[in-house]
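Lettered A, B, C and D in written order, each chain numbered from 1.
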Amino acid sequence: MEYHNVLTTCPYCGTGCALHLQVLDHQLVGVLPAKNHPISQGGLCIKGWNAHAFVNHKDRLQTPLVRKGGKLVTATWDEALALIAEKLSALKAESGPDSIGVFASAKCTNEENYLIQKFARAVIGTNNVDHCARL
Amino acid sequence: MAEETRIGVYICHCGTNIAGVVDVGEVSRWAGELPNVILSRDYKFMCSSPGQELIAKDIKAQGLNRVVVASCSPHLHESTFRGACVSGGLNPYLFEMANIREQDSWVTTDKLEATKKAKALVAAAVYRVSYQKPLESLFVPMDPSVLVVGGGVAGVQAALEIANSRRHVYLVEREPSLGGHMAQLDKTFPTLDCSACILTPKMTDVGKHKHVTLFTWSEVESVSGYVGNFTVTIRKRARYIHEELCTGCGICWEKCPKKVLDDVFETGLGYRKAVYTPFPQAVPNIPVIDRPNCTYFIKGTCQACKKFCPTGAIKFDQQDELLTVKVGSIILATGYEVFDARRIPQYGYGRLANVFTSMEFERLTNAAGPTGGKVVLRDGVTTPKSVGIIHCVGSRDVNYNNYCSAICCMQSLKFAHLVQEKLGAQVYEFYIDIRTPAKAYDEFYQRVLKEGAQLIRGRVAEVTNEACLPGEDGKLIIQVEDTLIGKQRRIPVDMVILSVGLQARADAKEVAIKFGISCSVDEWFIEKHPKLDPVATMTDGVFVAGACQGPKDIPSSVAQGSAAAARVMSLIGQGEIEIEAATAVVDDGTCVGCKECIPTCPYQAISFIEYVRKAYINEALCKGCGTCVGACLSKSINLKHFTDDQLVAEMVGAMQTMKLFEAS
Amino acid sequence: MSERLTALRETIRQILPQVDGVIGLKTGPAGIVAPYLFKPGHPEMLDSLALWPKEPVPDTLKIIQKAYPNARLAIVCRGCEERGVVEMFKHAQVSLENLTLIGLQCVQEEALFCRCAKPYTVHARVTVGSPIAGVPDPLTEAFAAKSQAEKLAFWKEQFQHCIKCYGCRNICPQCFCNVCALEDEKWVETGRLPLPNPSLYHIIRAMHMTAKCVACRECEETCPAGIPLAIHFRLVARDVKEMFHYETGAVIEQKPPQLLTLEEGDYERSGLP
Amino acid sequence: MYEPKIIGFLCNWCSYRGADTAGMARMKYPPNVKIIRVPCSGRISPELVLRCFREGADGVMVLGCHIGDCHYANGNHRTAKRMAILRQLLEYNGIEAQRLCVDWVSAAEGEKFATLIASFTEQVRQLAPFVEIMQ
């Protein structure tokens, strides 16, 4: 029997609201706002309030899926990444780097978003980078 | 893929009842354009056989899977049209009714407005019916035993009818003997046969019937369960007499030294002993000891009855017993009370000695009564030379009871006849209207007129003993406006009889709640339908008979007793009982187990399942009121056939139509 | 404040060995406070015990008890939180068996912050701090004095800012339904911001909180739009008290009024015909 | 002046029959109230009443059996409690409580029913259309 709260930052937008993840016996059971946090001051929006919902959701993907013969089948990360690399390289070779666009998520951290723009510009060689929540 | 909704709408003309006010053709045309409506018709009489066949035929030919009929109140014909749907092969719960007669054509003056309202009501029904789901009824076995409450003539009749068809009857009577008010009466109108002579054989038949268990001096303590399966607890009050040992020999009451004024059976005119049967023909012929008046119970001495009882049947240590019986149906025949004449002070009852009530007069004139049938004044010796009989005492009077007590006219005419026959005295009857509608009643009225009774039309203002005119000394003077000649009159008489009205028993409301039925404003029990279902009540399996449902004479009470018995027998004959399909159900996926619903249920149908911590509804106990639905905050309970979706759709249908008319 | 903190720490220290855990507040990283389950055997955690800001601890109790129905627990609760526990008990959401209430009496500045009429516990046998009298709620009083049109205008202005985060419902310990009527399109319109006024969302929620709201004001505190939501609840609570003689959290054995048949006078006081 | 749109929830056993009684006696009353039959007034949840307002109803009637006469013993006791609170809440939100009529009509009271419909329709007519309040 162990209950504690883990302070973290809401991943959904750039505001940076603080929230507590309620943990009961190593299981995420809910979200609580952080009252005396200087940014969110105890408030959250509907996304923050549900920030924990996907973690243990039954529909959440646990492994990559690769379409084989019209059907999605589970695959390893190596297999999936190799396939992506292969396809992206082929596309770049066939139609040039600007035929590829990179679209990042607000759920990623700053660091992850930095890396993905780096990947787009340096690895693929395109400026087609965008993000879903440019607050 | 979900089945396509195909609605058939039928607008009933009801002759001109609806069509005379509502443009039914227009409503039908308009309904045809509502979503999912496949066909829309109007027809002269939807409830007629061809009307019903039309529905059945359309269901089959057009593949209808929902039906809406716009006609009268669902209380009248919902079951008719549900039946029509069933014969067409459609589940009866896929039918919905719009009431465009009682709620529209009959109450709306403006024809255009009435048509608009009809459209809104039809739209509401059409929107609702799409959300309706087929429901299957639950069947439970019918217990063939019957409880009859009240041993007056209505109850006795009902009990006999049922027992004769070899079904078991538990007959509960509050007084020590069967008989009710009828046992107190002398002659019965209009045939003048002796009341006791015609009632006693019925009482003895019931008393010795092998299919009747008699509980006299008993009351129903509580009732639980539902049609087919009632559990009834009966309080058998201590008689202090061992019923099996007692032979009814009468030695106990002969030997009992304590005289008690009998204000129940003898209406205070005679005496009985502290151990007594109310009258000689009592059934069962077993006395009771009147504990508050018994010397043994007061002082611990006496025991005369015990000393002399040849069978040792006196048991001073007897206790009340609580007995439980299981029955499938219940007949309430709890009767009436007479109006308390003291409530009308100007008539002098209780103040002027020779003002009698009708019930007192019955005892006076009864050969088995306190005077041996001699009609005398309160002094016990003087024979009256003139008698005034006042009708409608406490009835048809805004200050007391608004209704007509139904029996008083004939009763008063009977008194007139008896007085003239026995005493040759002059009789004056004071009436508002004479009401003699039943078979041979008016003939009796004519006969009494011929016999010389004087009938004066007018409500009596006062009965007084203050003489102010010659000839009034020592008399009771009846002050009245004779409305036929338009004059005030003062009629001096020796005796006044107040024909007091009937009213519901003081505890009628309590009894109604106990049995789960309802009372009218006058506290008479309410029947299911005043014309078409006069002895059933809104509670399945509970029936009413006799004057507990409203003022009634003996023939009507007996007829109702038989009618209630017939309804019960038809239920028993079915073998099993269909339980309301529109019950409430808990969605255990969403129930949070807050227990909010449990105490709201009037029928204790909801229980809490501890190991899953969720509520559960017993469908056999649920009566479908939906109170729990209104209480459930997480909306985890839904009432079948009255779901939120259905009610919202109905409301949206009505609102959208109204808004449409507003915009145009 | 620190005196109370020391006293509370000492109280918990004494109770800890007799229970499986004590629910209280703990200061975490950057001084941010959150509920915490203090366990016997780890008294050092009490060094970071906190008093303020208050948190919806009855909810924490529910979470732990649902997983461990037989655990012996203690909970540090203020007046409002104690009332919350009592009401949740009445609705079978928490158990009072094996539960020790440690009453924490609020100080004047906390009571003023919450506009709290009852900043003290009544059931807890172990208490820390001395109870103070309640303070008036000027916001609610000012609102109650408004005219019909002013009330309408007041909420219209307030609810314009509502972002429908459902935070007021989420944080409320008395909102424990699995499925919420407020998420049902039948009752609350979806996809419309700002909310239509009058806001059915808030009326329905206030209706559901009838005889349940314990005036903890957590909803107000979490509202990103700063809407004074407690006004509704407090006015209704006043009606419930007047009409049905019921006060949340006051008497453990008293059943909430919606469940009960009408008692003498209830009906007359309801003002219905 | 406008024609108010009113929804009436009537319990099946008393009020609906009261309406039938009014009909059978050919008592005339305004056509503004559209009746929805429910088994018991206790079935009517506050949400249902509020939804009527949302649809643009100018008034809502909740009619049940007289206290003590409920077909279901005490279903109307809950109605009395819920509706009393709901009326207060409407007030607190700037909606006139006069828009919600809660009353008791027995099966015999056709006349009371007709009078009630007429007077409530008039009462609502005196108020502004609800759409003007709800924006």
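Of note:
Quick note on the criterion: a residue touches a chain if its C-beta (ideal position, glycine included) is under 8 Å from a C-beta of that chain, and two chains touch if they have at least 3 such contacts.
Only a predicted model underlies this, so the values are computations on that prediction, with no experimental measurement involved.
Chain D has the Cα centre that lies closest to the mean of all protein Cα atoms in view. With centres set at the average Cα position, the gap from chain A to chain B is 73 Å. Mean C-alpha positions place chain A and chain C at a centre distance of 35 Å.
Chain C and chain D have Cα centroids lying 34 Å from one another. Distance between chain A and chain D, defined via averaged C-alpha coordinates, is recorded as 53 Å. Counting partner chains per residue, chain D has residues 47, 51, 74, 78, 82 touching two or more of them.
Shown for chain B are the residues in touch with two or more other chains, namely 600, 631, 644, 648.
Two chains count as a pair here when they touch; such pairs are A-C, B-C, B-D, C-D.
Taken together, the chain D residues at the contact with chain C in this complex read 46-47, 50-51, 53-54, 67, 74, 77-78, 80-96, 102-104, 133-135.
By the touch rule above, chain A contacts chain C in their complex via residues 1-5, 7, 18, 20, 22, 24-25, 29-37, 40, 42-46, 48-49. Every residue of chain C that touches chain A in the complex is listed here, in rising order: 20-21, 23, 26, 28-37, 39, 53, 55-56, 60, 63-64, 67-68, 71, 163-167, 170-171, 221-224.
If you check the complex, the residues on chain B that touch chain D are 73-75, 99, 101-104, 106-110, 113-114, 116-117, 120-121, 124, 509, 513, 516, 518-521, 526, 538-539, 582, 600, 602-603, 623-627, 629-631, 639, 642, 644, 647-648, 650-652, 654-656, 658-659, 662.
The part of chain D that touches chain B in the complex is made up of residues 2-3, 5, 7, 13-14, 16-17, 19-20, 22-24, 26-29, 31, 34-40, 42-45, 47-48, 51-52, 55-57, 65, 68-75, 78-79, 82, 106-109, 114.
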